[in-house]
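Each of the next two complexes has chain A plus one other chain: chain B in the first, chain C in the second.
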Partner chain A sequence: MDALADESMFAWVGERIKRQDSASVFLLAPLAAFELVFFVVPFLILVRMSFNTQPETGFYESGWTLAAYGEILASNLYHQIILFSFKLGVIATVVAVLLGLFYAYAAYRAEGLTKSILLFSVILPLLTTLVVKTYAWRPLLAPNGVLNDLLLSLGLVDGRIQFAPSLFGTVVGQVYIVFPYAVLAIYSVLSTLDWDVVEAARDLGASRPRSFFEVVLPEVLPGVAVATVVSFAWSVGAYAAPSQLGTGEQTTFAMEIGNLMLTNFNWPVGAAFALLMLAAMLAATLAVIRLLTGSVGGVQDV
Partner chain B sequence: MSEADIPRERVEDALFRAGYWLVFAVLMLPIVVVFVTSFQQSSYLTFPPSGYTLEWYAQFFGSEEWLGAVRDSLAIGVGASLLATVLGVTGSLAVQRSDSRVAKLLPPVVLLPLLIPPVVLGLTLLIYFNRVGLTNSYVNIVVAHTLWATPLVFFIMQSVFARFDWNLRDAGMDLGARPSRVFYHVILPNVRSGVVIAAVVAFIVSLQEFIMALFLKSFEVKTVPVLAWTSLQSSLSPMVSVVSAFLVLTSILGVLLSAAVMNLEWLAEQL
Partner chain C sequence: MASVTLANLTKEYGDLTAVDGLDLDIDDGELLCLLGPSGCGKSTTLRMLGGLETPTSGEVHIGDERVTDQPPYDRNTSMVFQSWALFPQKTVLENVAFGLKMDGVDEEERVERAREVLEIVEMGEFADADPGDLSGGQKQRVALARSLAIEPDVLLLDEPLSNLDKRLREQMQLELRNIHDGVETTFVHVTHDQNEAFTLADSIAIMNDGEIEQVGEPREIYDDPVSLFVEEFLGDTNLVDATVEETVEEGIVATTEFDEQIQVPTPNDGVAAGDPLTISFRPEEFDVSRVATDGGQLTESAAHGDVTTALEGTITDVLYRGSSVRFYIEIGGTSVFFEQSVGDETDLEVGDPVVVSWDPEDLLVFSEGERLGRGGT
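Right after this comes the complex of A and B.
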């Protein structure tokens, strides 16, 4: 809201009306007002809430203290939860982005019906509720589930393995959730790539892997960066997948916030925890963007 | 390219195809599980089922609790879709035609709610609605879902408006039509399919969202995914597959509708 702060809003509106640009002010106003009232202001109130304390009864008691932050930073349990959230974020992001790059490339190279089927197969899970995306894995990954039956009949394992609930199940579920976003972020950049350029590189003697790594990959790097940021933000904040497919060891900060807010009614600590994690995620995301855009020249403004 | 490279390329091609069809199969697997298990006989979810029955569908249509959740979901979905479409279309139009500072600041702010974990957004809104005394769960969940759906509408419309020939609008203005008439008679007919798709996407996003709805639910107001989630905490019943089958079917219909109006490739580039 800086734009409004250093220039009176009324002066700004008056200026627009003088320039007969009133239509764009009226068009802009509803969305700007909605974002201000239901997004910007709620976050300011969240920050205020994190300085309150928890009373014996009720959700919070007004105050100005850092007690909630101190409680989180001093707790070993919270350290483990934070560590696991980031671990899940990194694993799920790496798997989703690598697989997503492959699948987006396949969709880009495919034609006609195959292309439509491949795109449909990512859009459909994208538009399906998290509830479905996670619980449907349970009968597949359970000790008496389909994957175990398959591995046993192929003779690849001796006994039944508990794929879910476990870390493995959590990662599968979380990758399944973010995979469509990763594919589409990469595909939307890839679809603007002219295949003739790759053909030219091959005609000049580049091998197929070399043409992929030296021609295709640098082109899609902005898409890969977006896929990484989205997958990472959502996987660190994972809620549904670890609840459905993990054990108590796979507790993420989002699940703990759910407990704090809906079961323990400790709002100040819930608010402080959310803000701490947002700050940590922002720092990590900026570092990742720097890494992805800094290591390969020529990609700016992702 | 030597002679020996040709068979190797064939092997590579075959592996490439096998690779993406395998990923395709894994992507579709949970959706198959949902449909198949909604017809299963035993009361604990197993795949593949041992017997088949329509009993769970009968129970669903006889359950006041589930039908109430369907009504809540539809009401909230329609509300969020209308609000997000109005805000997204007008906002996008304004940003296209204006280079003021607010217009430059708005797109990133609008996009931000999509990048924040839904749990954090849910907790923020829970605290906010409590502080300002807004206790109507319908309104609260509509607002939460609008925060999520608006960026999708906004960016779909950005790309729709980018393809619109603004000279047509200027011609309308030059002929003396008021801006509102120009919008209705000149701009809207050209972008109508884009608006329809944006509204459909917004509706589906609201229908499927469950984390914010879980934070903002009340005893009277629970959406379908929220009720499915809470019932999963007690037992893994095929009833969840019945409601999930309906949710997935709505998404399939929405995607097919969008694909018929525009095309799938275009949709894939927007989302």
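Right after this comes the complex of A and C.
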């Protein structure tokens, strides 16, 4: 087949996709079927479930009511759970993105073996399952754990400290989970930055910190935005870290929905809670994106 | 405005010595070209001048101040990068005003000054443009304006023209020259292009292997190269291997690749019979004419006292190279060339027998890479 015929073949495929005829629909079918079966249908079931009546026994009683939503909006306990979920989301995101920014910058500046080691160590934890690596923090942070033994033997503390289960442990666990994603999101953008540009800034009189804020940060802001959204969405909906490294005070809405569904068998309230949080997360994430990209577009400093 | 002194400057990367004990003085307001092949250490030298590299040993002085250990943001030098390195998130005006902003100049004044400098490089109408939307030549002008805006003592140019096409490059060379005359700043310009160096420079420093081979005005270097490296780097020439037969009062008698003995008037200290030489026959110094069919001309040309100053050869190739024509001549198994301007060219054709003659005074003789009479400096 010569080049001209190849070209006409691409043109043919392009035409099909543009016209959205049977050929392109056929290509999209597997994905569409998957989304339908595993996302759209369960989501609709969830929506339907949230309007059902709460049961005396069993999981639910069929009906049409807003009682489940009312219960969540009225409950002080649920308010606190929601508040804590967002608090954990904000703390874990700020810590993970700041550490990720430093780490990505270090990996960007490193060369040769050091660079490979830095990048490999950030990918390595992704090869272990989430529950196992989160659970691994318990023997490290527990009152009779490794960190306490170390601090005591160095004489830095008088008594044993409960690093976990606690808020501290929860944050450490959650940051540990999202950190690799934050680093990779920032590094992928940072790696396209031409170092000459930073040198030019220093050459024109910008100190090291100033050159970072003037030249590096504006350039990596898209990566920071992605890292923030991923960390935030994941941390607000955290489950593994607070359930393994937190106390009862560190209950997130994801854990509470699990309780409602699997322990209390109150499916309508569980479903309503899930849908309310989905809406809240969507709004919060959009606000974060707006905030970060807005500040990119609005930069005007001569 | 300031003079620059580099003293015994050395930069090593592990086992690799990029710059090796380099000494160089640059006058206040001079436009110096650091000329050399890639990897000769010229960019490293420039970066040490700007503070972007720390010398392994040696000193950098700008004016009366020792700046060897000063970071780039404390020196009043400014670099125009090969990649131009414009700040992608800032407008052209913000780019040019950046250095003034870092110096703490207030906004109104820095905008005004940035606009003035943009006018100098004829980019005034692009003040609000995004650098990403500019062409190579325009980016180059903005990069130049950004560096000029801070009124540096020394402007450092790291092959900023090498990414431009030929016509634009030649135009920018002339403009750079004019801008230099206008601002009276010391310019240090790194390039591997000898034509660019000859067009721009007040003086040229030729670098090889981390060291300076020769410093001087362009004409002086061209007329009087100290080494074979300089002679080869300055342009195309005919280098002919030879062996010393004997040293005579007026110079050297040598057997050449032409299978003929020639005599060259040159200082002959330090050479003895049997030593290998390289003789440069510059193409512009050849006088070539067709052998007359009766053979009369040959006898006339060759009879120049006892010294051979003409040889017989055959045209083997004629190449049209745009504005000039290059003729290749085979003499005794060795090929040499000379050029003529299109329009002035003779009607020599492949296969024509010719006589090639020269003035022995024009020949440059090198022994072990050094020019005889100039070597060992």
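Keep in mind that, in the parts below, the second predicted complex is superposed on the first by the 270 of 302 C-alpha atoms of A that agree within 3 Å, B and C clash if a C-alpha of one lies under 4 Å from a C-alpha of the other, contacts with A are read in each partner's own complex, and residues count from 1 in each chain.
The rule is simple: a contact is a pair of C-beta atoms (placed from the backbone, for glycine too) under 8 Å apart; a residue touches a chain by one contact, two chains touch by 3 or more.
Not measured: the values here are computed from a predicted model.
**Student:** Thinking of the overlay built on chain A, is A:129 touched by chain B (first), by chain C (second), by both, or by neither?
**Tutor:** The first partner, chain B, only.
**Student:** With both complexes superposed on chain A, which partner does A:116 reach: first (chain B), second (chain C), both or neither?
**Tutor:** Touch partner of A:116: chain B, not chain C.
**Student:** Classify the contacts of A:51 with the two partner chains as first (chain B alone), second (chain C alone), both, or neither.
**Tutor:** Touch status of A:51: no partner.
**Student:** Give one of first, second, both or neither to describe whether A:204 is in contact with chain B, with chain C, with both, or with none.
**Tutor:** second
**Student:** Counting only touches as set out at the top, which of chain B and chain C does A:163 meet: first, second, both, neither?
**Tutor:** It touches nothing on chain B or chain C.
**Student:** Tell me the contact category for A:84 with respect to chain B and chain C: first, second, both or neither.
**Tutor:** neither
**Student:** Could you figure out whether chain B or chain C reaches more residues of chain A?
**Tutor:** After superposing on chain A, more of chain A is contacted by B.
**Student:** Contacts for A:108 in the overlay, against chain B (first) and chain C (second): which applies, first, second, both or neither?
**Tutor:** Neither chain B nor chain C is touched by A:108.
**Student:** Which partner does A:69 contact after superposing on A: first (chain B), second (chain C), both, neither?
**Tutor:** After superposition on chain A, A:69 lies in contact with neither partner.
**Student:** Quick check on the complex: what are the chain A residues that touch chain B?
**Tutor:** Checking each residue of chain A against chain B gives 1-4, 7, 12, 16, 21, 23-25, 27-28, 30-32, 34-35, 38-43, 45-46, 49, 59, 99, 102-103, 106-107, 115-133, 135-140, 144-146, 176, 179, 184, 187-188, 191, 208, 229-230, 233-234, 236-237, 239-240, 244, 254, 257-258, 261-262, 267, 270-271, 274, 277-278.
**Student:** For the complex, give me every residue of chain B touching chain A.
**Tutor:** 9, 12, 16, 19-20, 23-24, 27-31, 33-34, 37, 45-48, 86-88, 90-91, 93-95, 97-98, 100-106, 109-110, 112-113, 115-120, 123-128, 130-131, 143, 146-147, 150, 154, 179, 201, 204-205, 207-211, 214-215, 225, 228-229, 232, 236, 240, 244, 247-248, 251-252, 254-255, 259, 264-265, 267-271
**Student:** For a test of understanding, state which residues of chain C touch chain A in their complex under the given definition.
**Tutor:** Within the complex, chain C contacts chain A at residues 50-52, 71-73, 77-79, 81-83, 85-89, 91, 93-94, 97-99, 101-103, 107, 110-111, 114, 146-147, 150.
**Student:** Which residues of chain A touch chain C once you look at their complex with the stated criterion?
**Tutor:** Against chain C, chain A makes touches at 194, 196-197, 199-207, 210-211, 214-215, 218-219, 299, 301-302.
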